[in-house]
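Which chain is which? They are A, B, C and D, in the order written, and residues in each are numbered from 1.
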Amino acid sequence: MQARLRGIFPPVPTSFDAAGDVDVRAIAANVTRLMTTGLSGVLALGSNGEAASLDETESDRILAAVRGVVPASKVLIAGTGRESTRSTIDACRRAAAIGADVVLVRPPSYYKSQMTSDALVGHFRSVADASPAPVMLYNLPATGVTLTLPVVSTLAAHPNIVGLKETSPELERLGQFAEIGEGFRVLTGWAPVLLPALAMGAAGGILAVANVLPDQTVRLFDHAIAGRHTEALALQRGLTPIARLVSSVYGVAGLKAALDLAGFHGGPVRAPLLSVSDRERDDIARTLSAIPR
Amino acid sequence: MQARLRGIFPPVPTSFDAAGDVDVRAIAANVTRLMTTGLSGVLALGSNGEAASLDETESDRILAAVRGVVPASKVLIAGTGRESTRSTIDACRRAAAIGADVVLVRPPSYYKSQMTSDALVGHFRSVADASPAPVMLYNLPATGVTLTLPVVSTLAAHPNIVGLKETSPELERLGQFAEIGEGFRVLTGWAPVLLPALAMGAAGGILAVANVLPDQTVRLFDHAIAGRHTEALALQRGLTPIARLVSSVYGVAGLKAALDLAGFHGGPVRAPLLSVSDRERDDIARTLSAIPR
Amino acid sequence: MQARLRGIFPPVPTSFDAAGDVDVRAIAANVTRLMTTGLSGVLALGSNGEAASLDETESDRILAAVRGVVPASKVLIAGTGRESTRSTIDACRRAAAIGADVVLVRPPSYYKSQMTSDALVGHFRSVADASPAPVMLYNLPATGVTLTLPVVSTLAAHPNIVGLKETSPELERLGQFAEIGEGFRVLTGWAPVLLPALAMGAAGGILAVANVLPDQTVRLFDHAIAGRHTEALALQRGLTPIARLVSSVYGVAGLKAALDLAGFHGGPVRAPLLSVSDRERDDIARTLSAIPR
Amino acid sequence: MQARLRGIFPPVPTSFDAAGDVDVRAIAANVTRLMTTGLSGVLALGSNGEAASLDETESDRILAAVRGVVPASKVLIAGTGRESTRSTIDACRRAAAIGADVVLVRPPSYYKSQMTSDALVGHFRSVADASPAPVMLYNLPATGVTLTLPVVSTLAAHPNIVGLKETSPELERLGQFAEIGEGFRVLTGWAPVLLPALAMGAAGGILAVANVLPDQTVRLFDHAIAGRHTEALALQRGLTPIARLVSSVYGVAGLKAALDLAGFHGGPVRAPLLSVSDRERDDIARTLSAIPR
């Protein structure tokens, strides 16, 4: 599996209909179109998929719909992190049964002061022991829980743990994770540092902007890997402004607005998230139109 | 309702059996015993109830069991915060149907950078509009989302929002909340500052230590309210060390260990939480035995 | 000395003339007027005295001027913290020679990641050994270095360390410091929590707002100590809004604007600090005029 | 000047003799030896030079000694940041008079909550207007004050501001600074991310590890610039462990211990900093000896 965790993966958003219910047809339509590009696969049920706001039945329906349109040649990653170990294991089993190739598991974070190294190692080991699908760790320091090098090194030795997604602009830690070995793939989740992350040994990225501009994101990856540094840096600088708007600046609402502008299905977010304002939408439209295609 | 949100409320932990399943009989036994004291009521399904690690069915069973043993003269508060507005509303409706007198709602925190004042006001207003039971806000800055004075002042004007639990040692903000008015009750969730919180106008506390030492905690409240400052300060200083161990230091696992030592049902925590070590249990036992009864 | 570290002390600001030089006459005039009230003394060369922006010669001139107008019946505290141990000791010696009764020493904070407990204990012990004047510790968590209970307990045993100023709204830690013993006085530096700090055992406060409203601040202290809780809480609530504007909200510039409005010498701040805007000055004026005299 | 701000610069430490006084001969000896390598120049009076613990006279003596041994073909950068604008300007003038080619100015940080964008722009503009030597900004987020893109973009337009040192592992911000233009040079101060910083457009680095291993650090720079990515990544991974020990892990004390081990003059640190323990020194020795020369 490790060999296939390479390249660019969009974390697909969850479309909702006018009644606020999950719209699996819109999701499948987005993914179908994305799968005609050079993307290596997709992540369903990630943070950008508003996974925290979905119930278990909705999660399963979304994953099944995505599975139906991701070809076997591409990788389907499913977000299955939950707050308790037992519900995480349950989510991993269901995701594998539906056909996920890999599960991406964030650390529990509600009891963050109790998430010691021992607690985190215990949690991920239990999950990896029980999950039928290989496990990818998810480092998201913004939650208040950070996976450190000693924890990740210990976990990387588990035969069912295949890699890590690092969602931060901090590259010292990513560089240390990337050095663990060939059998442990590191993907960045922070598009504005895709190029330097690849320079540090990352194998690719799971990037919101890849939903909106899949071709350009893949091209940046290809240039970087091929050593065409001037072209890669120019593309990185071109993508960074819109990448920021659809992630750290406006979040999922910004991503959905950009999708609408780019001809995909974006649509509303689920409360408590709020849609972008008109001014924010204009900001996104202007930034998007400034990117050379 | 506001008049009854006064005094000391323990946030009751959730007991699990050897198989890791919810043990409603143990929970009911604990609450039954607590209800013979001067406590004003209980909180079920709070952070100390490991609510984040429970599924919806388990939550309902626990609440029903607690309802069965809390007399009408005492207040039953139920934790009903979820990450999405719609699942929070659903939890409030179910809790009210089971018989909760008040619902305690923490802010969503997964998308913390998007939890603007507008998003928080929108969330809590929707919840308060829909909840059959009066709503108490829950400020827990450790989650990374803090309810500020402007947000709380706005929400306090809603007829179905009756108060706020402030879980932090920071008393400037609590003092401002306590000044909002008689119709808006503020309870502290941080036992080491119960006395000064009362001095600032808090109406009481929701305190883990009250599960273990209900009589002493109620007595501290009574002394403080009656202006017996010397006795109150002595009691506060006596309770603070154990209060720290069962909350900020060892968390829910520490609370359950203390309950076992005090003759209540404590038992195991649910993973990823880890039970206390032998050394930590000794620390708790020693601290507990040093308290004058 | 400990017995005299009780009550309210204003941290006097440093006045500058139109050329930006220290104006010792204005400073002395302010202090002279303050010394006609019930204040217990003053702090010169604190954060509110813009000590970080003064050179050593200026510091000595200011201290001498203040000494000249503080009667022997009141306590003169001098801020003498520096980044190196040797320059801190030098500042303590000079302050004592000029006539300071007590020196207030903040922890070095430039190399904050290296300010381990051992480094802090070593620093303060060397300073206390060498200082001719008794030493008061200064806890200012906003600098990124926090004095913890183990460090403070260790240092409190030193015969030349007489107390601590805690500048934060966090009262759990203050409560623990206040419990150390009669020989170790704790003063709060956060006016919005003066009342609850006194409830926790603080001996008084070093408070910017006491420069502007000395009588009201002293009255709040007197009510609190005498157990007149209703009057004390009303005064606290009356003082908190202006206390916030002259400290956490607008800083030293806000304090100086308030002094100008109250008929003291305020004047300009030293760059990089900026004076308040007209809108901010109006905010201060409005808040000040709303306080019952 | 901008064209010469390229490559690797060590921030030279300040040697002290047994009495704790500055030892300019030891400093000059270190720099003399460093100047025989491919380094582009040196920084004197930086954080690693314990500038915060030096008085003005000591600072001038050190700078004069370093100037004496840095040839005209190399660049001498002097740290001149102070807490007030006027003392910063004074330090810049003295440094220029002594012969510094560039001055490196950190933001004031004591009044961090007042360091608004307006205050920072005002400070640096005043300094740049008055400084005879070109000014380099110093971003050191660990101080609690961060220079943001809008502030830096504004300042970069000043004719006497020539670049910025970014001391953090965060590469999104560095990438944005590096895009400002050819006339504004960005150097990284965080050795573990030298390679990816260069990939993002940095012109080089000011790196503690370059004091200890100048040849290897320069070689990493040369490989990276020449596009020899495999060799550069191998060197980066080889240098990162020791680079961490002499900066984020053990600080200046670790750097001085490593210098002693590498045959330079290291010696004691000035209190409150503490020398490394024997165990820490062994850690450094072991890590140093593992590096291929």
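Following the convention adopted for this analysis, a contact is a pair of C-beta atoms (placed from the backbone, for glycine too) under 8 Å apart; a residue touches a chain by one contact, two chains touch by 3 or more.
Predicted model only: the values in this text are computed from it and were never measured.
**Q** Taking a step as a move to a touching chain, how many steps at least join chain B to chain D?
**A** 2
**Q** In contact with chain A and with chain D at once: which chains are those? Just list them.
**A** Per touch definition, common to chain A and chain D: zero chains.
**Q** Find the geometric centre of each of chain C and chain D from their Cα atoms only, then give the gap between the two centres in Å, rounded to an integer.
**A** The separation of the two C-alpha centroids amounts to 35 Å.
**Q** Mind checking the centre-to-centre distance between chain A and chain C? Centres are C-alpha means, answer in whole Å.
**A** 50
**Q** Pull out every residue in chain A that's touching 2 or more other chains.
**A** none
**Q** Among all the chains shown, which pairs meet the touch rule set out at the top?
**A** A-B, A-D, B-C, C-D
**Q** Which positions of chain B touch chain C when the two form their complex?
**A** 169-173, 175-176, 179, 190, 192-193, 195-197, 199-201, 227, 229, 233, 236-237, 240
**Q** In their shared complex, at which residues does chain C touch chain D?
**A** Chain C residues touching chain D: 20, 47, 52-55, 83-87, 108, 110-116, 118-120, 122-123, 126, 142-144, 248, 251-253, 270-274.
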